[in-house]
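Here come two complexes built around chain A, the first alongside chain B, the second alongside chain C.
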Partner chain A sequence: MLDVDGETHEMLLDNYISNLKRKKWENNYVIAEKTVQLFRHFIDTIQWSTTIELLNQLREYGFKITSALPLQFIVGNIIRRILNIIREEHTAARKSSEEEIDVQESLHKIVTSEDDVDDYNSIVPELKLSIFEHLDEFQIEIESSNEDISKQALEHIHSNEIILTVGKSSEVEMFLKEAAKDRTFEVFITECSPLNHGRQLALNLSKHKIQSTLIPDSTMFGIMSRVNKVIIGVDSVMANGGLRTFNGCHAVALAAAHYSVPVIVLAPMYKLSSRYLSSYNQDAFNEFVSPDGVLNYSDSVVSKVDVYNPTYDYVPPENVTLFISNNGGHSPSYVYRLLSEIYHPLDYDLSVHNK
Partner chain B sequence: MSTSKVQKQDVLQAVVVASFFHKNFWPAADGDSACLMPLVNRPLLHYTLDMLESSGIVDVIVFCSSGSVDRIKASVQRAAGARRLNVVYTTSDTCRSFGDVLRHLDACALIRNDFVLLWGNVVGQLPLLPLVKRFKSLRQSSDRGAVMTIVYQQSGDPNTSSAADQTIVLAADTGRVLFHNRARGKISLPLELVLNSTVNIRRDLIDTNVVICSTAVPPLFADNFDFQTKDDFVKGLLINEEILNSTLYAHVVDGDGYAGEVFDWPSYQRVTRDVMHRWTYPQVPEVVDKYSLRYGNVYIGENLKLALTCNLGNDTVVGSDSRFGSSTHISNTVIGKNCTIGNNVTIENSYLFNGVTVNDKSVIRFSVVGENCTIKENSNISDSCILGSGVMIEPNTNLKLMRILSSDLTNKSKKLSAKAYAYDTENDSDSDDDQDVRGLTFRKRSWSINSCSSSDNDDTASVAASIPDDTCMFYSEVVDSLIRGFEDHVHCDNLILEINSSRYAYNINYREANFQVIRAMLTLNTKAELEALNQVRYYAQLQSKLDYFLPVLKNYIKTMDSCEDCLSAIEDIAKGEELLNTVIVKVIHHLYNMNILSEESILKWHEKEEDTQFAKTIREKANKLIEWLKDAEEETDSDEDDSS
Partner chain C sequence: MLKKEVSEYFSNIMEKESDISASIAAITTLLKLLEHDKSETVQELDLNLQSAVEVITNSSFRITGVSSGCALFMRFITFAKLDNITFAECKKVMLDRGKVFLKKLTDARNKVAKITLPFFVDGTNILTHSKSRVVLEAMKLAVNSQKRFHVFVSESSPDKSGTEMYNCLKALDIPCTLILDSAVGYIMERVDMVMVGAECVVESGGIINKIGSCTMAICAKEFKKPFYVLTESYKFSRMYPLNQKDLPNNFIYSENNSNDDNSLSAHPLVDYTHPSYISLLFTDLGILMPSAVSDELIKLYL
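And then the complex of A and B:
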């Protein structure tokens, strides 16, 4: 639980940012949970009467966090999602008070409607309650997202198939375990150097009686011709359907494309990010961590070489066959549509205040 | 996290010593507040506190001298994570060394439990809690006498490990420290170390200045008032292991983190490089502050104005709000915030602190430029220049190997311009501490493959002011004493007393002392004087000096051995000095006449087989003297053999 007793919002933000910077929460799932908890607390304690006041205050906090942590895409996703929830609840409440209409929005309706632009300036009674209800749903969605994804495992993994995965991802682990309940198949796991998380996954799967083989990253291409499917996890999905994922995945995706092996990406909805790849430089996309692991500090060459240890790889959308989210399968070209469903266009840029 | 519920004895404390008791960084920073000196545009102390905070240590005691406590407090408050730390300041005016600080801690009774002790100059990222846990379990299970775990960083870099220059012997199984020596070159290990157990003898370890101490450490310092530094402590404990019943352990960091200490300029360079190369992650510029990183380890701050043709090379940090002119080249350099760099400027391997202005066409290499300095057009500052804050360098100035101040506080500085005074290290005879102050390492690293093996010759030889070893120090003291003695007609007994006390101070043995005294006596003249003298007058003057110092000579040259030393000293000096070379036989003869040198010793010296050409010619020259001596022997029984 987040320790919120008697601390100001600034302190909370400060602690939250420092925890993220220090990687106290390794897992994206934990980061998502903590972020929802934090913003729940904010919604509860901020003094607001009109919806726009609440939105502006949250956007300000959100801007603070995202500018302090430009590389944590998840945080921005969650914040935008929460803002969208508030907007939705506001609109729904207003519309239901004005006239009883179908809340369900269809593509046709969105395209054709010349809706009056809502300024969120009105006071909506009971809004807080409905927001909290919606947030509860959202939290449950996050919690159960891995389960929801793994439920679709049987549609994708068939008997005696050979699956290749990269490193360790909780989604992939659960997905494979779920499929193993009914089918037998073989898994190749690349080590994913330098962190070598692949070893842990191999251990976990073999405990679960799944036939798994750990291979060095370099042998991946040789094995690819025998592989039926590549299933990987992801750090976040970019707005164009590209992936920001563990280092080494791009090579795997290219090898898969060479042998026409389908690449399936397991991505819960909260990993959908509204950002595009603008440069390979760290400022926008990648994160370089300590060279430790690539090279030991005790090596005598340390002072003579520049060592890079990037965390992520960018995989372009054309190398991805299918996304499996908790809502089902989507092709990369459909990501833009999902984005417009879960985020409000006004929230893409958190820095600008709405009037 | 609130600490109120945690039981008091479970709280892990950290003690940060924020006073360095050395002037290695002067004049860029003084000893009291050197921990506030920026390293990659962030005060050193912030790195240390950040490391503690990320290890989960909340209770921090900061020791600082009373003069700097306000500045340190203010700086800590600006640190990002300070709010999450529970910082207690303690200060004392009487502390003159690290040992005093621990005695002070003991007196104040601030320590309640095992604690982490570190200096305010530690940069790195090290999980401390596992180390403390291991230390505690060690004390509980196997060794109750364990008082300290010293954390070392393993380094394969020949530059750094030879700079640290320490030999440590560790028990292979437990990591217990068995032997510690800081000597250069050859060392001798006691045989019993290796007889019964497997040990690791290591020279690749560098200090991190992080130690985990038990509560027994401050009382140990209090009981042994001669412990001044950590090295004293380590040495004292190892020698008196049985008496004090305390043992030391070492933890070597390799792969599970990084820690480095910044204690002088070479280590400042090394740690800066490591921060830029991200070994300290997540304590890297763009995580702790607002920078963006480009390939080649180029960190760029906010709000920069870079001219189109300005070139930022590898390993460069540029602070926010700085401006750069066109055709300016910058590489391997840290530039502070709010700096203004003109056109056609070249800055390489240097450190510019905040608010520096560099005007057009200036060149800065391997130098440190303090806060708010101004460097005017066409200046060239290179080879380990250290500029204090607020210095103004006039146009067209060439500076090398200098320490520059903005004002003349000590009246010992040479005035360069209104706001630039060069501090002359050599003339500072009354500075009480003879610490070796090392400048930046300014020769370029050689990229050849075999540079690792030949590290002693070319990689480290270029430290600006190399450490004077004890013998050299002794020699220069003797020269000082003799010059003063001759000019002021000091009584020779007093001179002997002075020389002897220097001899004890620098731990010089008898024979070495004899050798050095003679050398000093023969080299009293300065270069300029020598040039003015011709051979005859030179000898006359030398003779008068020798006569004056007769009692001194008598005191030192008594035995056969000492005569031998004396002769070899003369030979040694003659080798380097043309004038003395011409009169060497006369000098030897004179010394014989004064009953300083015995006949036997001269003969023995002459007979000694020597390989070098120089030694042979000298002996040839002395042939006449020898013949005469042999004749004289037959005539008179010599009685000048006053060996004791």
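And then the complex of A and C:
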């Protein structure tokens, strides 16, 4: 749990931001959990009476965090999700009846000209309690997401298939291990240089008695003609169904498209981002990290050449066949629907204050 | 209101207020009719409205955008009818809601402009076709937000509406270049994205727009440039054309050339762009993928 005794919110925020900046929590799953815990504490300790006060305070904190960490999409996703949970609980308590609550803009709403936009400016008794209950569910969802994804493994991996994966992703590892309980299949793993996480995955899988072959990134195209399925993990799913994922995945996706091999992406719901890629020059999309690994520092040539080591790749939605989330399989064209279910449109931009 | 008056009122808006789209003009006309209507029963009102819709759709203007607006209005009336007991009450509710309804529709363009803003990245080259009020509004907002971009406008024969767009952009001090329709392929490698409006969005998520849009979309797809459509959601229409031939004649031709027996020699004024060429639709309902259009329509009309 968080160590929160006597610390002010500002200190907590600064701690949280610096922890993320120093990459203390390497795993996305840990980041997600820590974010929920932090905001849980905020909801508990902020002085608020009307829902809008709570929302605005949280949005302010959220804006501070997301502008300090523009590259961490997950953080923004979790914050938006929590804001939506609060909005949902507020509306549910206000309407009390069983009627369907639809917060999204739709043609239907325009035509029926409902103009009772909720301004969240009322005091709802026991709101905190219901928010916490809902947050508990959300935390359980995050905890069990990898498990829920791997449960679907047998529907996608069949006997004697050849699977190709890129680098190391915890979702993929669990997925393959789950499938291996009932099926025998072969896995090709690309090294994914310069970090070479693929080696670790190959090791883990072979310990699990899965026949795995480690290949250099460069031979990926040659091997693709023999592959039945490409299964990859992802850093985040963009709002148009595209992927922000580890470097080298776009090449794999293109090779797969060339041989008509399906590309399956394992993405828990908290990796769904409400952002779009509007240009390859977009700020806060890609990250350049230390060139160590591409070129050794001790090499004398280091001072004479430019070395780039970007972290992410963008894969357009047309190169993705299927997303598997903890809620089941979705095609890329369905992502907009999922987004509208889990985020409120007012929270897409955290910088603008609601009235 | 008599048929003649309806027709005059509608033509008046269409001719005088260039800033208002045909759908809005039609809906304003129908609301006006509702206000002056003296009918005593719902049935009578329905008949009156239907004949007015007929008058509007038979007017000399091309009705691509009008039909979806009229359908939306009739749907609006149907919903309002359901809730109330007496006719007088019902009519009052219709008028009240009508105002809210119209306001929502007229706000749509600003909403679209706002959500498009993040896609104007500094230094981008944008290709656009013909004249679209939404695209113009979005570019206006972008340039007012200190974005730097260059616009290529295709001339868009036969009515040269691209020239008009070019002049509007010039007036806003947006750097722009007018190109020939035939130069679309030539210019495509230099642009970063294509941004067009739509006269009508069909159920598949494809669009019906000024002739030449389809060519531009196919070209953009081949060059792997994103093809963005900016449109208000009231242009969503319940049609499902499979090819160009499926488009109704009164969409393709204006009155002057549709009477021509030899329709092969007449120039079509709109074409249908298949959804697979469209990257995203920017609407007042949010940024949608083409597949979302049928979703919206099903929610409304089922």
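Following the convention adopted for this analysis, the second predicted complex is superposed on the first by the 335 of 355 C-alpha atoms of A that agree within 3 Å, B and C clash if a C-alpha of one lies under 4 Å from a C-alpha of the other, contacts with A are read in each partner's own complex, and residues count from 1 in each chain.
Operating definition for what follows: a residue touches a chain if its C-beta (ideal position, glycine included) is under 8 Å from a C-beta of that chain, and two chains touch if they have at least 3 such contacts.
These figures come from a predicted structure and were not determined experimentally.
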With the two complexes superposed on chain A, say which partner A:241 touches: chain B (first), chain C (second), both, or neither. second
Which of the two partners, first being chain B and second being chain C, lies in contact with A:15: first, second, both, or neither? first
Touching A:30 in the superposition: chain B (first), chain C (second), both, neither? neither
For A:288, decide between first (touching chain B), second (touching chain C), both and neither. first
Classify the contacts of A:333 with the two partner chains as first (chain B alone), second (chain C alone), both, or neither. second
Chain B versus chain C as contact partner of A:129, first or second or both or neither: neither
Can A:278 be said to touch chain B (first), chain C (second), both, or neither? second
Just checking: does A:299 make contact with chain B only, chain C only, both, or neither of them? Give me first, second, both or neither. first
Residues of chain A that sit at the chain B interface in one complex and at the chain C interface in the other, please. 281-282
What part of chain B is in contact with chain A in the complex they form? 1-2, 53-54, 80-81, 83-84, 125, 153-160, 204, 253-255, 257-258, 270, 273, 277-282, 286-287, 292-297, 314-315, 445, 447, 452
Give the list of chain C residues in touch with chain A in this complex. 72, 75-76, 79, 97-98, 100-101, 104-105, 118-119, 121, 123-124, 192, 233-234, 236, 279-280, 284-292, 295-297, 299-300
Could you please specify the touching residues of chain A with respect to chain B in the complex? 3, 5, 11, 14-15, 18, 21-23, 281-283, 288-293, 296-304, 306-309
Touching residues (chain side chain A, partner chain C) in the complex: 104-108, 110-113, 115, 239-241, 276, 278-279, 281-282, 333-337, 340, 345
